[in-house]
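Supplied in structure tokens, the structure appears directly below.
To keep things simple, chains are lettered A, B, C and D as they appear, and every chain counts its residues starting from 1.
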Amino acid sequence: MDQIVNSLAVGCTYLLIALGFNLIFGVQRIVNLAYGEIFMVAAYAAAWSARAAPGQVALIISSAIIAAAAAGLSVYLCAIKPLGEVTNVNSPRHLSVIVSTIGFSIVLQNAAILKFGAYPQRFPRFLGDSVIASTVWMMIGAVCILFAVHMALRHTRAGLRLRAIADNPELALCTGIRTDHDKLLAVIFSSALAGVAALLICQQIGVVSPFIGSLYGFKALVVVIVGGLGNMRGAAFVALVLGSAEVATTVWLGSNYRDGVAFALLIGVLIFRNRRFHLGQLR
Amino acid sequence: MLQVDNLKVAYNGAAVINGVSLHINYDESVALIGPNGAGKTTIGRAIAGLVPYQGQIQLMMSGGTTSLKHLAAWAIARSGIVYISESTSIYESLSVADNLLVACAVLSTARAAKSVMLTNLYAHFPFLRDRSEQRAGTLSGGQKKLLAIARGLFLIQCLKTLSLEHPGSVGAPLFPLLILDEPSHGLSPQALDTVRQALRDLNVAFLLIEQMARFALNICRRAYVLRNGVVVMSDFSEAVCENALLRSYLGLSADRASTLWTKS
Amino acid sequence: MNDYLLQIATLAAMSCLLALGAYATLSAGLLFMCFGTIMSIGGIVAAAVYSSGLPFLVALGAGGAAGACAGGLIYIGCSRLIGFLFAVATLSFGELARVIALNTERFGGALGYKDVRASPSICYPFALMGIAIICLGIFDKCPMRLALRIIKEDEVNAASLGINIGLHRLAAVVSGSFVVALAGGLYIHAVGLLEPRMFGFDNSLEILIFAIVGGTATYVGPICGAVLLTALPELLRFSTSLRMLFYGAVLVVIIIFRPEGIIGSRFGQSRGQTVIR
Amino acid sequence: MMLRIIDVSHAYGTVPALSSISFDVHQGAMGVIGPNGSGKSTLLNIIAGAMKPQKGAIWWGGANLTTLPPHRIACRGISRMSQHSHISGDLTVSENISLGIYGFHGGLRLRWPPTTASLVREAAALCGIDSGRLTAYPRQLSFFEQRMTELARCIVSASTQLLLLDEPTAGFADLEKKRVFSILSTLKTKMTILLVEHDLDFIQEVSDCLAVMAEGKLLSIGEPAFVLKEPRVLDTYLGTKYVAG
């Protein structure tokens, strides 16, 4: 029975990260490989503020979100914006953007290693005191955020504008939408999502290290691509599937094969089911 | 009125438009016709601010002239100039209602005004009402074009109500103009008729960029004929005679045209 | 003191070989992200063959051939994918290999593959680098260079010229993997150990950085990129994370401000083109 | 050799681009005209192998091209010049032209055949590129010279029998069109040319036979002067007549 809860918990962690990743891809049509590092920066900011002011939950949450937004903006302004517009996903310019985001993610990761040391640090549990409580809190958080993002995209003005940009950027420009202004909005919004995800996940696993960024970044990449780029519901489904698959492998083959599952899944889907990726949808 | 003078556009070395001047008065329907490859689409995109160009495009209004050259495409759209492109003229993955409501999402119009405008728009285009929740991609070719025109009208109406309520807010002065790029492209004959009917009783100024000359001349009051990036003829629709049209269209030099068509 | 300089020089020579291998695939327009795996496979096979008594050159050749086959197989598997999907697929191949290497005793588990005899003489890296540069000099004259260039710029147009794109890309990947696997063989005999980390993404990235920063227009670019990026940060040698930080920063700066790399294309007229162009 | 197009149909999703097109292209130049979206470029893409037709076949020199991959088709002597100029910015003019000789059935070519240099000079001379410009880079050439380099690349190989031209004179001044006309009329004698163009003056003089396409269907085919007189052809261009309603 606890295997099911465990796989649900792992699934929810991947769901949380994949949401923000999907948002950036849907609106900007760029795979931002530095997303894992934004997540890690937020985790460290939360850990630092939790140590500085143990009690206030609000301060910790806001510090995580602000740090994530700042990291997200810096990635966007330094690595993505100067390379200009990426119209189609398979153009060589998109490969340059991917390589530049990778470069930036190395910078962030190694800066964290230098500052905080390569070894994992304890992440204080401020939401629930026990493991089970924090896991429950995380799952509730994941479901709420999924619901909130879904509602925001469907019913708010900004959500409609973002979906319009995702569907047809040039037409959005012709209907009076300030596309570069809204893209910035999307970057901040998805980074904040990464901040919240960092909070919920790290207090569940109770530890934070410079490498969780690339670890969860890859997992998010797998979930988003397999789930269909820009498709929130697809990503949610694949996150749960991946979560249960990983828990299953830890039971059979032992925990150190756990990371390999995500990559095997991605290779399997990309090579054997080469379906056309229809783009421009953000649901 | 909208004044375009000495417009020049080059695309990686090849001059697509060399020196085009035209004007569109408030609430006037103008056709821009010519054989394909004459550069008609480029003029439409230049007015909408999607293509860099030399020359001047200005809005001569009672309150003074404002140049559109340095305005971003979204600012031009907010001054009422709506560009409806040939192929991707609607948001395929959004629902029909969402396609229309994007205008409100941009201008944050009041909820009450939004529903009023929506209802009288549905009255104008009844088929939109019963398919308002479906994905716009599932519409037929003709219906997609009508949805694009409806979207443009809805944006112009939002702009009008906004400028009535608090005049100073809209950036450029309001000059409602629909730029339709080859609406006849890929339409079946009866869809063509519904679009023609919709355009004929449209009360907003529009620039009809079209390759099928007779279709455009039948709808618009005035016409410019374009060939190889230069305006060859500009006259009222009735005055554009068949022979002159054929000569400029099929590019035949004057003497060969007369020999071929002495009969017809 | 000169022993330390010698050590840097061998490392720089090996990085040049790695960069030339990456250059081969980048010049065909492919972002091949699992060079780490190819290098490690080449290294382990070379070490196994050498420790079983065969001469050193035969061992290196065997390692190179194994790497070339691995590269070819991975390319054939992902050949239908285009653009960033190809990059992501090869990237996940590399990470999968790292996880497998980490956990199988055959490859020495977490501590890495150890039973390696020292390489017979230190001149091998430089000899191989010389041979590689001579081969590339010859390759520069032959028509295949032109074909690869037009494949990189526009595939559809290349096909209409009668160029078999799949075959050319496969040839580029196989030759690139061969060179990288050779360098792997040299690395394992110079260092004496191959950690599972080398299979993974960081190592493949380092190899790509040499080629991209150097410039992918001519074969001189990757060589200069490799030499610069191994010799220059020698003072950062003590802490790998500072070195990687330096690599990351240089990569971002190069891609944004000089997409055609330090050397750039022969005439620098490729302003504003993308790095993978 | 003769190009036979038999009952070719193709659709992008639900939009039919070509519906059962059948005609033969004999020695000499054949023009294809029609309004935008009539399927001209789709037909050229199918012949060159860039796209596989959903129905129908194309026969050339005793082989069914629809079963062959694009590079095999090119090796059978079919070369193509597409709408947007496709010359490699990093190669000199002579290197670009010599790429026309590259394709052969083997695949990887490691040495140039001995006659390459002379073939390249001859093709460049035919296309009006003086030998001084052969070592220049496309960036230093005018738009017209870049397109002429591309044309030279198409005709440089001795085995070229069929030349597919997709709007070669787009964006040219009248003087430049005349030079292209003279080049094509000399080429007409040696090989078959299939020309898609908008400027009817130009296409009338060049092509011996003219096909008119509209909405993916072949409207009429025949002598240029005769075809252009048919009322149906005029309707496709100007749109159907309307009673003043």
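The criterion applied here is as follows: a contact is a pair of C-beta atoms (placed from the backbone, for glycine too) under 8 Å apart; a residue touches a chain by one contact, two chains touch by 3 or more.
Please read all numbers here as calculations on a predicted model, not as lab measurements.
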| item | value |
| --- | --- |
| Interface with more contacting C-beta pairs, comparing B-D to A-C | A-C |
| Chain whose mean Cα position lies farthest from chain A | D |
| Distance between the centres, which are taken as Cα means, of chain C and chain A, whole angstrom | 30 |
| Between chain A and chain D, centroid-to-centroid distance (C-alpha), Å | 49 |
| Chain B and chain C, separation of their C-alpha mean positions in angstrom | 54 |
| Touch-based graph of the chains, sorted into line, ring, star, complete or other | ring |
| Pairs of chains satisfying the touch condition | A-B, A-C, B-D, C-D |
| Residues on chain A engaged by chain B in the complex (per definition of touch) | 157-158, 160-161, 163-164, 167-168, 170-179, 280-283 |
| Residues of chain A that touch chain C when the two form their complex | 31, 78-79, 82-83, 89-96, 98-100, 102-107, 109-111, 113-114, 118, 214, 218, 221-222, 225, 254, 256-257, 259-260, 262-264, 266-267, 270-271, 274, 277 |
| Chain C to chain A touching residues, read off their complex | 29, 31, 77-78, 80-85, 87-89, 92-93, 95-96, 99-100, 102-103, 201, 205, 208-209, 212, 239, 241-242, 244-245, 247-252, 255-256, 259, 274-277 |
| Chain D-facing residues of chain B, complex | 11-16, 35-37, 141, 182, 184-186, 189, 210-216, 218, 228, 245-246, 249-253, 260, 264 |
| Residues of chain D that touch chain C when the two form their complex | 48-50, 69-71, 74-75, 79-80, 82, 86, 88-91, 95, 98-100, 102-104, 107-112, 137, 139, 153 |
